[in-house]
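For reference, chains read A, B, C and D in written order, and residue numbers begin at 1 within each chain.
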Amino acid sequence: MTRYILRVECPDATGLIFKITKVIFDHGLNILSNGEFVYAKRSRFFLRAELEGQCDTEVISEQLRDTLPEAASVTIGVSRTKDVVLLVTRESHCLGDLLLRHSAGEFSGHIHAVVSNRPDLGDLVERFDVPFHCIPHEGVDRDEHESRVLETLDPYPVDYLVLAKYMRILSADFVGQFLGRMVNIHHSFLPAFVGENPYGQAFQRGVKIIGATAHFVTDDLDEGPIIAQNVIPVDHTHSAADMAQAGRDVEKSVLARALKLVLEERVFISGNRTIIFD
Amino acid sequence: MTRYILRVECPDATGLIFKITKVIFDHGLNILSNGEFVYAKRSRFFLRAELEGQCDTEVISEQLRDTLPEAASVTIGVSRTKDVVLLVTRESHCLGDLLLRHSAGEFSGHIHAVVSNRPDLGDLVERFDVPFHCIPHEGVDRDEHESRVLETLDPYPVDYLVLAKYMRILSADFVGQFLGRMVNIHHSFLPAFVGENPYGQAFQRGVKIIGATAHFVTDDLDEGPIIAQNVIPVDHTHSAADMAQAGRDVEKSVLARALKLVLEERVFISGNRTIIFD
Amino acid sequence: MTRYILRVECPDATGLIFKITKVIFDHGLNILSNGEFVYAKRSRFFLRAELEGQCDTEVISEQLRDTLPEAASVTIGVSRTKDVVLLVTRESHCLGDLLLRHSAGEFSGHIHAVVSNRPDLGDLVERFDVPFHCIPHEGVDRDEHESRVLETLDPYPVDYLVLAKYMRILSADFVGQFLGRMVNIHHSFLPAFVGENPYGQAFQRGVKIIGATAHFVTDDLDEGPIIAQNVIPVDHTHSAADMAQAGRDVEKSVLARALKLVLEERVFISGNRTIIFD
Amino acid sequence: MTRYILRVECPDATGLIFKITKVIFDHGLNILSNGEFVYAKRSRFFLRAELEGQCDTEVISEQLRDTLPEAASVTIGVSRTKDVVLLVTRESHCLGDLLLRHSAGEFSGHIHAVVSNRPDLGDLVERFDVPFHCIPHEGVDRDEHESRVLETLDPYPVDYLVLAKYMRILSADFVGQFLGRMVNIHHSFLPAFVGENPYGQAFQRGVKIIGATAHFVTDDLDEGPIIAQNVIPVDHTHSAADMAQAGRDVEKSVLARALKLVLEERVFISGNRTIIFD
């Protein structure tokens, strides 16, 4: 018995679930779990199913495409551990948490390598027997740096690239190569602060909660579709440094949660929103 | 166009979603939202769908029962505001919150009446133009009191009976008449405290969070299937009275959340668990 | 035995607590609770104490001012229920919650009246036997409208003015008359949205949490010192209307919490921050 | 300039803060932060202050004891990193999180060693260059095992012993040697479950939140004074294994929070409660 994940997105229409499950049924597959959602505003239909049995995924794909509206996107594949590479800079909290989960068998992906623009985190990564590559950004322009990063990634299979506190802005070109496959984490504030030293600003403003947002990376910096968010309470006794520590704590748990959803193929992107089957 | 809610529960089997959606499709109904769940341990299948169109619900029911496993429970009906009666005793926090939501058009049910074993809350109820019935428990035994309560309920349609801080223990007989249709709210502590004065005990023990649990009422007092839970932080500066206030605040929000789920027919009971399509 | 609340703010210096508590001790007062905080960045000292006993507050004030740095702000008064007037427009969720708490004896202030620029909430307010004044804004300019509101407030004692979803922008002049004595509540988003229809924007952006912020009103609209904040989780299945409902639920609990802190004189304002002794 | 932490506990009386701060003032010490609390029910007074300056702590201690009620407990010492040893068994989530914080300089203690009754976690500990000692419990009785553990601890300075998922029950004798200096973490449920397989029970009961409690260890297993608690939401789609994963996530953040409070000497124990100055 093999496990498959089926994902469908198409314009909404009557009878979609019936048509999809008919194909599944005809192939004798068992549905372990199934989720559908109609994004009414855009009249889009989404379905994610976990199936069990034995089938030819190409045949099923074709049959589904034949029966569904023309613009349907259909993917079906054997459920498998996703291939992941992490990009980091200097902060260890997200990286360390992911390496720990990975080494404890509690991470839904396989971390093949960690790439950084600085050497600082090499020691930590190597403690976990994961290859570490330092690609310094000093003295090279962004294009050159990015092409070196891409070269470094080349030998690794990469389903998802995770920016686990990678502090360099990526070019539209780089982002374009990983669209929908690159996840970032950043702190979030109520109200939002722009510019330098956000924790200093949050302190000045006396915020009472510090948040974190995990999102897909798009051209629009820090503005891609949100996958997960959470907050942690703070108060006036917290210094800016204490707030930054609170931020790190919430960032690491939000990133881990977002990656679980993404790596289990539970997340669809539609416009600037995510549809999540959890 | 009419809206319907379809609910199915049956032993799990292959092809259930296909068979159900085929019937829906054959009747030309549109699926607005759909949720399924397989409770693997018990091999039970659950489905809730919101449908739109025009159909004969009896015909559909029959066709579904014919196509599904023998023991299937199928209900389909026009989506409608549920009829609710509240039982209360002396505390106003849950009652007041529900009356406010009701009068603001934000409550998914129609509150026909409030019944109490004490007169205290009559004023509040009448401010909202809802009938209030005081059925004192003094001087009568439990059976007699319950039969008077039942008599009072008699003229009202009752889909659900809500114990909004009703402090009398109900007989198995009374409970049996509202099985799966009676919701209760109570405070919850980590660890749990039994016996008198739970907030006093929680204070002595120095708990750091106060919780609330909304659940269906079964014979086993306070132990029925859980619908919603939440907590609120407290600390050593909270007196037992402050903790009770925190408890009231979390109780009222948890009860409102649970009732929204129940009144929209999103909740199934299976064994001592709930399956919730939210 | 009388209860007093003492509040001190002054430039930080060595020996402040000693000097203050010496005066308290010399007058034979008992300290029920005491909190101090040094805002290191600004080198400011804050103290709030609840005292019990019998004293001449003017004498104590004077002695404290004599012993403390020149710029010290010292207030000591008998602990008393604060006088409150609410300003509202059309939404009932915060207003209703405060009226319920007020009528249940769980509100730390006395609500003398509710003033609105619209008639909609009159019914609700009158159910609770609180005077309601509708001062329509149509056909009058802002200055004129505000001076009518002020006239309406005139007969009432007002320690604090609470904007419980008052949807008019107030002039700097009006704000100036209630500086540090006017509390507002508004929804908050991560990221923040500016402009029209924030819930529509939050929906488009697919946010996963909806927040609320209670703050003092200053000239800088919605940017005054924050008193309390909280969030509530949402997901892609929430429509913009569902998100607005979630927003109302979190707004009402955050405003209630903020008012408890303010009315018990637990909040200091320093720059754009609050120092809160809870 | 040296930093000191002063902690005082004594029967409540008038003038305590004045008397204590007088001594501090007379020695020319600056108060960086100060917290007091009167546990009214027990008429006990607690104070924790962070001081800055230069002083002879023995002289101050003596002066404070002279001026305070007879039963006063007074400790004052240079603020320093605490010495910690961890006891673990097989689960890595709390251990890993603490080792990461430790290696990132974000842990308020120094972890000298990790002791386990099983070999499983040796690899992980050694990755962080911390000594690991496996003291198997097989084939030896509890007394013998505990005396071997104590022998292993002997060369290390131990302010606090942290049970980071140590799954052996400790004897009253062992507990007695670390009273008020041993912190444990365990999962918590609403309602509480006793006996085997709590996550299986929580699943059967359909709980909607999973909690964790960090507490001091006393003779009364899992019933010592609570330091920190938190919860994480779950639902019917979570298997017992998913609930256990949620439990691990909340356990690790609660233990880290509790240890920060304890290691910074912010926690007093009074009866079965904690008084925490955070």
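A few remarks follow.
The working rule: contacts are C-beta pairs under 8 Å (C-beta built on N, C-alpha and C of every residue); 3 or more make two chains touch, one makes a residue touch a chain.
As the structure is a computational prediction, the values presented were derived from the model and not from experiment.
With C-D and B-D as the two chain pairs, more C-beta contacts join B-D. The most distant chain from chain A, with centres taken as the mean of CA atoms, is C. At the interface between chain A and chain C, over half of the residue numbers involved are used by both copies, so each side presents largely the same positions.
If you average the CA atoms of chain C and of chain D, the two centres end up 37 Å from each other.
The centroid of the Cα atoms in chain B and the matching centroid in chain D are 40 Å apart. Shown for chain A are the residues in touch with two or more other chains, namely 33, 37, 237.
Residues 14-18, 21-22, 24-25, 28-38 of chain C are the ones that touch chain D when the two sit in their complex.
For chain C in complex with chain B, the residues that touch the partner chain are 33, 92-93, 96-97, 100, 103-104, 106, 124, 127-128, 237, 245, 248-249, 253, 256, 278.
Residues 37, 39-40, 188-192, 203-209, 211, 213, 222-223, 225-231, 235-237, 239, 271-276 of chain C touch chain A in their complex.
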